[in-house]
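Have a look at this one.
In order of appearance the chains are A, B, C and D, and numbering begins at 1 in each one.
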Amino acid sequence: MVENIHDQSQLDRLGQLGRKLRREQRLLSCFRLRTNYDLLIGAAVLGALIVLAFIGPLLSPYDPLEMKVLDRLKPPSAAHWLGTDEFGRDLLTRVLHGARLSLGIGITVTLLTSLLGLIIGVYAAFYKPLDHILMRICDGLIAFPGILLAIALMATLGASASNVIIALTIVFTPSIARTIRSTALVVREQPYIEAIRAQGATNARIIWLHIAPNALSPLLVQAAFVFAEAILSEAALSFLGAGIPAPAPSWGNILQASKSVISKAWWMVTFPGIALVLSVLSLNMLGDGLRDFLDPRSKRKGKGSRRVRRVAP
Amino acid sequence: MRKKWRSGLGLSAAAVLAFTVACSNGNNNNGGSNASGSASPANSSTASQPAAASYKDSLKIAVTAQPPTLDSATTASALALDIAGNIFETLFTLNGNYEPTPVLAESYEKSEDGLTYTIKLRQGVKFHNGKELTSDDVVASMNRWLATSSRAKTLLEEANFSASDATTVVLKLAKPNPDVLVLLSAQAAFPAIFPKEVIEAAPAEGITDYIGTGPYKLAEWKQDQYIHLVRNDDYASPEGEPSGFAGKKEAATPNIYYYFVPDNATRVAGVKSGEYDVADSIPTENFEELSADSNVALSSYPGGTLTAFLNSSEGAFKNEKLRQAAVAALNDEDILLASFANPDLYKLDPGFMNPDQTQWASTAGSEYYNQNDQEKAKQLLKDAGYNGEKIVLLTTPDYSEMYAATLVIQEELKQVGFNVEVLSSDFATFLKTKDEHSKWNLMVTSNGYQLIPPQLLAVTQSWVGLDDAQVKASVATISSEADPAAAKAEWDKLQGYLYEQAYSAVIGHYNEVVATSKKVEGFSQFVGPVLWNAKVAK
Amino acid sequence: MSQMSPASEKSRTSQMSRSGQKDRTALLDVRGLTTRFATERGPVTAVDGISFAMEPGEIIGIVGESGCGKSVMSQSIIRLLDYTDHVSYEGEVWLSGEELLRLSPSRMRKVRGNRVSMVFQDPLTSLDPLYPIGDQIAESLRQHRRLSRKEAQARALELLRMTGIPSPEQRIKEYPHQLSGGMQQRVMIAIALACEPQLLIADEPTTALDVTIQAQILELIVELNRRLGMGVLFITHDLGVVSEICTSVKVMYLGQIVEEMTTARLFANPLHPYTQGLIRSIPRLDGDRRRKLHVIEGTVPSLADRPEGCKFVTRCPYADAKCRSEEPPLETAEEGHRLKCWYYREIRSGAREATQYGE
Amino acid sequence: MLAYLAKRLLSLVPVLLVITIATFMLIHIMPGGPAAAILGLEATQSDTDALNEAMGFDRPIAEQYINWIGGLFRGDLGDSLFLHQPVGQAISEHLGPTFSLAVVAEVIALLLAIPLGILAAYKRDSALDQLVRSLSLVGMAVPGFLLALFLMLFVGVRLHWLPIAGYAPLADGVWAHYRYLILPGISLGTIQAALIMRMTRSSMLEVLHLNFIKTVRSKGLRESKVLLKHALRNAFIPILTVIGQTFGTLVTGAVIIETIFNIPGIGQLVINSIERRDYTVIQGVVLTVTLLYVLINLIVDLLYGAVDPRVRLDRK
């Protein structure tokens, strides 16, 4: 089509074309964002939950721990919008405080897991002997049934919020590390890394300036799923009595308590249950949306696979 | 979902221990199935049933957990002992009035000095393997019991059994003990009679060859599912009106299944639907629901006390003012309601002993009971110069009533200004932590009734490290005092002292609830469910 | 949609006026076939009022660049698009006196693979990789002829032999990926011929193959056409292939037939600027090596923005305002040679000079 | 084939080593010991010590580990401290209920997920497709234990249709057996269904765009045949992978679901054993579950060959 590239007008046309392309690219990514309902809805619901978790407890007239035993197991009413629990505590207040706890633990686990996973992943990809050791440990931990690992860790460490965070971090880090490692391995083989090395860059510089940034977008996607799984797992552990100790108003704790009064107090199952589902749902959508946004090709390949292990069934 | 160890496995072990040293005066407790006078099972109605009524050939009882063993001498698990009681028999047992009554023994003679008991065995008794019971079997079994059972070791030191002929055994004691027959009869770690060969072949961890003389034989033990017992057709029953564990045993139903159903809701649903004929340890949350069910009869009987123990050996509660402040802050009614859900299922009473047991029931120290006095507590805190030191409440979610009580107490202590934290862990960790006195300050446990005050955990040093000369002296006096009135007076003083010093405080008394299908006849409740005369109408 | 319909209406009416009643003898008689897809941005016309007829035993070539609607047209005939897209058809497709577009889906299935078969471009991806080829050939026999498994396999073997696959007894049990491209295409042909169809639609059957294999496959198709007397609708972008086997040719551009004629006339006397462009872009062994190969300027516009007026207007060197605003009718230039162009006479006589491409 | 199996099993060794060592260390630093469950609250320190000595827990951990590994080579997992039976026997007795539950869950999941996934892909962007996509999104967000609670509340407590918990062996009759497994099966199967549905849909979508689907349709086959015989089989490898993964997580899921519904399976066994500090059983279960997981993956790998002849040939 273009016969003489040195022709000035042709060059101008090419330049225009390039600018147009870039603008279209920008428009396209705006469009992708605008039509990425998963991402938008997920982010909106999650945002709403976070706002509720921070503001809700401030507005509630009740203390999440204060017991009015005579008011135990009262159904939803004007005074207690979501009813009361088996100690006569206001369920709405406890669910809102539970949101703080669950989201807080979720975020902490996600940050720790991402950081550790990133470090382990990139170093494993970079140093062969280290890779063997780290990956065998990761394989072992991944093959270890997740919930058992978490329960055993909790039995060993003792029930507390910080131990839940430690246990879940141990459970989730290996799969993040594996994801990061596989991305990093691909990047490491790129010719430009070889070129940078030839220029005398140190390993640390290569790892942190060139390899790690490339692993960020898969990490971001995985982080959303880890967040969701961490919330689920915390609830499951607390539900089994191996998580955050009562009287802390974690959703899992409320659900655990609800089980023995299930025939009398439907509200104790329903409301924390809805809160839990909503937060996990929004995070899953956010994760799917992020993946479509950051890696549009994956959409064509289908959304079937997630790398994060499920701990809670 | 959560595996609940029935109090039996651990704590209600205490309930069982209650009977280790029994009082021979039969007037202290009617002890029957209807001790509390509440809803009653149909145990007395057997006679009035038409003879033609047809019955099912198996009875199913849902219990809370799998027992660790059926080797009675080595365990304190109430569940194990309940089940083992169908398979094994002892020389003596307790009747409904807690009186020793012969089972495998026929008669006994006590020597003048009280050091020798000559016991004649009942004849014609056969083991499940067909072998006839002889004095050799008894001697082997009883001597093993003396060596293994920690109760026997401490209470019958240097005692020894020997055979004088094939149907007579002789028990020799190192020093006289007026309660020796009660000890031989008590259910806790009861001295089951095994064939001699089984005893000789017994491994260190305990016998697993469950051959006894009882009305039922072990047919199958499906791990974590059920124990199946079948009628022993060659059973030679003792005579007499059934009473407690004594009297005639009919083995009325050919098969008994003990199902291990840790989940409360399942036991409840099962007894409602008729899947189980009897369900043990009904959770208090389901009491109302089951009361309303026309197919189910509920029987509740006094179970024991819910007691707060304060750790006076280490930490903040070494300071008696702080202990008193904590006890002053307690609103026992709230705690009990949260723990047992229904006011019919608990009772407010300051006594450490069974309030129905006239010999020992005491209200001493009631001015310190259920004070709910926040002002006083705050004042005491101020007097003690409390500096916000952390108070740790030790508990385990495996026992819901202890757990609930602990959470309420935490709130109540917070209200008066304590800085309180709950240390909650699974049962195994809980037990271990309990002995590490530096790690906690207060713990609530539910404990079965004891028959005499010296057996109370509240006065036992090894329990929570209570080390008080006055308590020890009082206990010694009560143990040795021959005159019941004087012993009672000493106990009143001791109970008052425990409250005053705030070493421990009873929160209240709870009932155990057993649900039976209305089709069940001849069932009775003594220390545990008594099934050998029970049958289920079709 | 609205901008499309006048054009298609026009072509339809012109077609109607030309042949008043249906041709009973024709094997295939396509009248005003229009295929539209519903897309997120409205309906798109992929085939625009195509009409043609073919007699039994005839081999008709359909040529055009990719994207000109050849494949959609051919798949519309046997309504293969029913399943994949939101598609709507207009017009009529008569197969031996039966109108296909109005058949129920189950009646339509009895036509497919039975009376009309198709052979596709890329044989490897057109065969199910998970079944032995014998099964795939037998499948339509079992479907349409109700043969037993054994009979079907025996017939499959016969078909393989007929298509000239070496040692067919052994091949019949093999999977597609174990065969070479040529053999795969022979298998495709065996599948298509299994039920001895009246019409074979071959959609670029040789494009993906080596030149030597291409010739063999073409030979096979021609031979089978003679032996079995079936009509062949041969879709290709390769004019050389057309010249070898086809009796007549239809040139398609943007969903329309822009020119149709006998094969002989195609090379001797192409009239439509598009056809001329196509022919001039064929590399010639006898041609002047130094001469630059002709390229038709521009690319085929997307279906979503088809121009009004003459569809070729964006690339036609002779286009003027009239071409842009009015669509030319399909006119008969000579007996058996029709085309859509306002100025073909002027172009033929040299009276009209090629102007600058585009505007 | 055998060489392939041997290679797979060999590659397992380091993983198992990591797992068993981790388990061993973990359970031995857990506070408390088996004595609590066996002897109860009243046990004196000397009783506990005697028990620990009898069971060999006074010896160094390394020695215990080596003894245990030695036992493994003789096919001996040791004896349960609490159940008075060999660990192998305890595990095999508890595997039955878990297996039944897993089968019910997987059958429910497959019956729901595969047809819906296929239809959603076939009728892409239709109302049904939207529904299926929403279902799978929600399905992945509802944890099994929560679903179990809701099912207990509505089906068990409100409607009394099915027992809310319990278990009966198959010997008690087919209905008696399965009626206990329906609610747990749904609780456990829903997430599997969601994952499988999602994968079926996307994999089918991909396959339905492939050329050979046109060929198959041009043969005049019925759509059911096109979808099931040709499209589904071609779409099946990724679906199979997900099924394999979900089967693996079923065991994990069983831990919670079995405790909720009181099913005497391997999940309940291990939870009980952790509470009882029944060390040998914990080790045995972890080993078994890991091996099962690997076995399932191996079976899935072998099934790839059955589904796709190309995989089969590549391996030769």
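Things worth noting here:
As a working rule, contacts are C-beta pairs under 8 Å (C-beta built on N, C-alpha and C of every residue); 3 or more make two chains touch, one makes a residue touch a chain.
These figures come from a predicted structure and were not determined experimentally.
Among the remaining chains, those touching chain B as well as chain D are A.
Here the chain-to-chain distance from chain B to chain C, counted in touching steps, is 2.
Overall, the chain located most centrally, as judged by its C-alpha mean against the mean of all protein C-alpha atoms, is D. When C-beta pairs in contact are tallied for every pair of chains, the largest tally goes to A-D.
In this assembly, C is the chain whose CA centroid lies farthest from the centroid of chain B.
Distance between chain centres (mean CA atoms), chain A to chain C: 53 Å.
Per-chain Cα centroids separate chain A from chain D by 24 Å. Between the CA-based centres of chain A and chain B the separation comes to 50 Å, rounded to the whole angstrom.
Shared contact sites, meaning residues of chain B that touch two or more other chains, fall at 1-2, 265, 398, 425-426, 429. For chain A, residues touching at least two other chains, in rising order: 155, 158, 239-240, 259, 262-263. Contacts from chain D toward chain B in the complex involve residues 30-33, 36-42, 44-45, 47, 51, 54-55, 82-85, 90, 93-94, 145, 152, 156, 163-167, 256, 259-262, 264, 268-269, 271-272, 274-277.
Note for the complex: chain A touches chain D at residues 136-137, 139-141, 143-148, 151-153, 155-156, 158, 228, 232, 235-236, 239-240, 255, 258-259, 262-263, 266, 269-270, 273, 276-278, 280-281, 284-285, 300-305, 309-313. The residues of chain D lying in touch with chain C in their complex are 208-212, 214-223, 226, 230, 233-234, 307-310, 313.
Residues of chain B touching chain A in their complex: 1-2, 264-265, 283, 285-286, 289, 334-335, 337-338, 341, 397-398, 400, 403-404, 407-408, 410-411, 414, 422-426, 429.
In the complex of the two chains, the chain C residues touching chain D come out as 75, 78, 80, 83-84, 109-114, 117-118, 120-122, 125-131, 139-140, 143-144, 175, 177-178, 188, 191-192.
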